[in-house]
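Read the structure below first, then the notes.
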Amino acid sequence: MQKIRIGLIGYGGIGRVHAAAYRAIPFHYGLRADSIAIAGVATTRLETAKRAAQEIGCPYFTNDYRELIARDDIDVIDICTPNNAHHEIVMSAAEAGKHIYCEKPLAMNVAEAAGMAQAVRAAGVKAQVTFNFRFFPAVMRAKELVEAGFLGRVFSFRGRYHRSSYIDSDKPMSWRLQREITGGGALFDLGSHILDLLYYVLGEFDSVNGTLDTLIRERPAAKGSAEMARVDVDDIALLQARTADGTLGTVEISRMGTGAANDLTFEIFGQGGAIRFDLGDPAWLHVYDARDAEGPLGGERGFRQIEAVSRYDGQRAPDWTMTPDFMRSHAESQYQFIRSIWDDKAAAPSFDDGAHVQKIMAAAERSSEKGTWVRLADV
Amino acid sequence: MQKIRIGLIGYGGIGRVHAAAYRAIPFHYGLRADSIAIAGVATTRLETAKRAAQEIGCPYFTNDYRELIARDDIDVIDICTPNNAHHEIVMSAAEAGKHIYCEKPLAMNVAEAAGMAQAVRAAGVKAQVTFNFRFFPAVMRAKELVEAGFLGRVFSFRGRYHRSSYIDSDKPMSWRLQREITGGGALFDLGSHILDLLYYVLGEFDSVNGTLDTLIRERPAAKGSAEMARVDVDDIALLQARTADGTLGTVEISRMGTGAANDLTFEIFGQGGAIRFDLGDPAWLHVYDARDAEGPLGGERGFRQIEAVSRYDGQRAPDWTMTPDFMRSHAESQYQFIRSIWDDKAAAPSFDDGAHVQKIMAAAERSSEKGTWVRLADV
Amino acid sequence: MQKIRIGLIGYGGIGRVHAAAYRAIPFHYGLRADSIAIAGVATTRLETAKRAAQEIGCPYFTNDYRELIARDDIDVIDICTPNNAHHEIVMSAAEAGKHIYCEKPLAMNVAEAAGMAQAVRAAGVKAQVTFNFRFFPAVMRAKELVEAGFLGRVFSFRGRYHRSSYIDSDKPMSWRLQREITGGGALFDLGSHILDLLYYVLGEFDSVNGTLDTLIRERPAAKGSAEMARVDVDDIALLQARTADGTLGTVEISRMGTGAANDLTFEIFGQGGAIRFDLGDPAWLHVYDARDAEGPLGGERGFRQIEAVSRYDGQRAPDWTMTPDFMRSHAESQYQFIRSIWDDKAAAPSFDDGAHVQKIMAAAERSSEKGTWVRLADV
Amino acid sequence: MQKIRIGLIGYGGIGRVHAAAYRAIPFHYGLRADSIAIAGVATTRLETAKRAAQEIGCPYFTNDYRELIARDDIDVIDICTPNNAHHEIVMSAAEAGKHIYCEKPLAMNVAEAAGMAQAVRAAGVKAQVTFNFRFFPAVMRAKELVEAGFLGRVFSFRGRYHRSSYIDSDKPMSWRLQREITGGGALFDLGSHILDLLYYVLGEFDSVNGTLDTLIRERPAAKGSAEMARVDVDDIALLQARTADGTLGTVEISRMGTGAANDLTFEIFGQGGAIRFDLGDPAWLHVYDARDAEGPLGGERGFRQIEAVSRYDGQRAPDWTMTPDFMRSHAESQYQFIRSIWDDKAAAPSFDDGAHVQKIMAAAERSSEKGTWVRLADV
């Protein structure tokens, strides 16, 4: 089994999560400690890169990501930068023949995403988007159930990702509120996650009827500053959507969801049953079986919380009984990516998947501008 | 205090609820047993009218509602018929100078509703729509909080009313699935309730972006029949909506909400806090105060379930500690209507309120046909 | 079907509930309004009796309950007085050949309860204790499941009834805090309910290891008074108990359960599954089936909330979909009692059942005094 | 800052958790990767020790823990063995002047625990028991609130730790069911955790009234074996207990809690408020403030779920918004232990704390044998 040597680009909050998660993989899956290693780290400043290398315990650091990509002792490039750097790094890493693990959303727009998906395909490298929420056991279980036909005919769905990070109008401008850095607002940051989950479980989307709004249009340019800066991305995005199968649903995305810490949920309603996932209660998948009328309880139906903590492939203690969490989902996502290299199989979610989500988001934006439904085929 | 003598028209499930709730009022509010009485009942067949009168214990029954309206010993006409009879009965009762208590939705369409509101105004009678969910203490508390400015600037809202009554495609055709009797489908039957609650708490609506769908388009004409009948009303209605104040929100209405018994909820997000009501947990209003950062707990915020069982005016044991329920909300709704007669004050929710809800529903239907936003001013 | 004429003794909060619930029965079960009637009411003062009669709409009132019992037009005596009057009234009513419906706890002590059970047996009258919580559909469903062997071998149980009615030490003395009127404290008032539910579902108790405590030993003699009166009953009662079948469990009873409105719950754990009832969520019974490993979901187990709203015999709209409540449970309890008269079958819960609960409570008190386990056979 | 070199003894499930948690500390607290290292591992067989060393990435392994203790390049001995080895290892490590981090329960009995507490005190080494549940932010918040007097006078408490790991009677004998290896059953394994939490928050215990029971007394000697082995430890332990402050409460401990995954909860009721912690919902502490009658919501009280995810000292992303979990609590427990070395301050929970919990468990066992209350002073 080839030793996997990772070059990490970007070391903000999410870079740190990636680094910690890689380091936990051997314990979760019974691998040798040295089977996966972060071999180098790049940030924009040499000083932060050095500190990152010390924290990670890796031998190499640089403030020029190109140097990291150029190294022979790197197999995988892991991209944890702001969104506007993804495309450039991916194109460069693909050209260098590196496998690529890239944070979401994949790109700034549909064209970039399509180009990136094409580039990794052409280069023949493994490439995966960090849609880590797919790797909560309860979500994996939901996918299994839908694929097995448990829901029968699907009637409708609902998804939501609410956070409350920006309800304070004194909170100053940040890069997350600037279109030129992020490509989009709550729709991109939070929406990409919930839209990917719905796409993962329900299949491709056909069309979207979206309304986006910026609730606080000006914020202090810096903390305490009297100068105001304009927010040019959405704070809230409300979507109606239809899948390619014709299923109709609704999605709520907001970073002004007062009271929410991390309110990510989806529900799917079908003739045979219903499914609910709630990130706030991640040990369980909530499942309703409309056929239970004939069950051993003698004619009683109701939502059941089925345990979903023991579904990781090859997992070991203490995964069996403990609630899976954010960090654990990253470790599983990374592990599956690394397995795709070891086993030479397709990585998933792929850059094509990332590009599909990008299209949903673009359709939502265009729909909001036009005030009508927009088909993904038209963006 | 004038004795209130009621003439009840219609005695299906909801007629029975109205009858039982009137009879409970004296116990809840400490009135004489004879202060409120059902003096007569009308149904479409003499046989069912007779049985109704025996169950109610009222002296008079008829299969011609006009005779009931014509009687001198009737002060109030209570309308529990299917929707397509509301207009005719209201016009007749208003002309006869009777006070009117009418089940929801008020009418078959906007024109009917406007006519009925005009008629009761012209006749100078008290008229109230049975939006009984307004009378859950937690909803009343939500209204109080919003009016007191607790939410600060309102960011967005979400409402939902899901039932699962029609998920079985073998369930035969019924009057609730026929437009000529109901005027509309889930939107009218369930949607009128949740839309009224949002209107009650948030104020008038400005415009709607709705998508309606009929999920099961044909059903057996009768139980077990091979003949199929066409369903011409919606099973599901997804709305985006904006209030006159500019607040954006989403509403989900479905009678195919697999797993739901009576899933009626709303949430309102504001800069100062958030509010959640859930009919499945009706003893509490869930409230988040964004200002709690300064509170006695020393800097901790979180959703609080505030007790909302003791808010009825003049109420007595056992209302203080027991969870309010469907029947209790009807008794309060009726009591407030009767008080409007005794105290000669405006009844609420009025027929104008009912007509506003009718406009929201009409806008949703037209929006769904056109695929664009529709303003209430344009329906 | 004989018309049932009730004589109601006591018209405080619970008397009012009984009166209202009788009046709702015809609507729930499709009976003639005049099939059940309160024919007279007795309270300790003529003035309150008169007001009660007006509220109820009954022709007769008195301040001497013996006169009510003596009347020929009374079939049933319903006892809603404080506990210390139960014995005397029951003995008198039984002697007069009246059927008896008596609030809980049945008596002041074991000897009284035994005498009352003996008296009604000797008189051949129907007699039932108002353990209304037995008549929540979810509790009835729990009983069915246990009887059907769903739990397999029963491992253990837990019950709880918490209220917070007395946490304020400025709340003055009341009759509920005086042993000579109530016979006991939280154990009698709240404990009788939860102990009856456990006895109903699990069968007879064998022995108890209890600890009772009075947390606030002195209270103002009256509101605002400087004079203090001694509380001579328990505020809290913690029990370990063993059923005759050998099942071990624990019961928590407190009227100082800060934060609780009406926190009544029980859980039963067995080799085949588990059951949870929570009065705060009364539409559902929570059921875990350990055999679901083989079920249609392919090897997943979890608690299921099974709908338990449609279990009343002969019930009608709107019982099918609405959450059952306190008032509804009283109506069902009364209806089953009246059916025992109409059908000449045993009433349940009987006075023997009430006497068994009395023994559990007496064993708990004695156990607390002695600091050891006490068998019911020894009290 | 001294580099901390750990010698890990035992590498079953919990040993692996300890190893992974040490490795995550630098990411959570911003330390250099090499500031904490596992320098060696000992298990009972050379083969498993070698595999452990590979997984951990540590240079040294042995099947003789004495050799590990003897090494100069080890500062801390971390004990993850079965309970019956704790005493011997602690005595040896203390003698060698190593700091000691020992899994719970501390010892096989009170005498061992007292000896160990004395030994580490005499040796002047830092010593901490792995009561990791103390290090959930919500538990830390509960402790703060109680210490700040938030509850006012404490009325009563309740604790519970339920798992369902042994409900299957075909599950064979294991070391966890043998007294000579564990010292006790569910009481020791699960009970030590919940008893420590209650002790941590409420202070020392005075006396216990416990009932222990073994529900399945014989199990197959090995998987599928026809030979049966006797279980000589408890499956369930029900306790009434009084703290030194006189507060009365109840504790339920069971490994036969059908349906439970990891059901660890406690509740404390006081005159000023109430507190609830539930490991199944670990991001929140549930708090009721009886003084809220005067609060900004204008006279409404209710349980509040206060966010408790950001309470770790010096923590960094992503701790701010993600639900804390089992692994995270171990990392914090270890970090606080290591800080006690770096800052030369007392480690907590100390071996004295572990010895107090040992006394509570011993008192529960003796109480169960005698059928009376037992004071901790008497064990």
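When the chains are written out, they are named A, B, C and D in that same order, and each has its own residue count from 1.
The criterion applied here is as follows: a contact is a pair of C-beta atoms (placed from the backbone, for glycine too) under 8 Å apart; a residue touches a chain by one contact, two chains touch by 3 or more.
Since this is a predicted model, take the numbers as computed values, not measurements.
Shared contacts of chain A and chain B, meaning chains that touch the two of them, come down to C, D.
Touching chain A and chain D at once are the following chains: B, C.
A centroid comparison over C-alpha atoms places C as the chain most distant from chain A.
Here the spacing of chain C and chain D, counted between their Cα centres, is 41 Å. If each chain is reduced to the centroid of its CA atoms, chain B and chain D end up 53 Å from each other. Centroids of chain B and chain C (each the mean of its C-alpha atoms) stand 35 Å apart.
Residue positions of chain B with contacts to 2 or more other chains are 302-303, 307. Chain A meets chain D in the complex at residues 12-14, 16-17, 19-20, 23-24, 26-28, 30-34, 54-58, 163, 261-262, 280-283, 307, 309, 316-318, 321-328. If you check the complex, the residues on chain C that touch chain D are 155-156, 158, 167-169, 209, 211, 213, 215, 236, 238, 240, 248-250, 252, 254, 256-259, 269-271, 273-274, 288, 290, 302-303, 371-373. Residues 141, 145, 148, 150, 284, 287, 289, 291, 295-298, 300-308 of chain A are the ones touching chain C in the complex.
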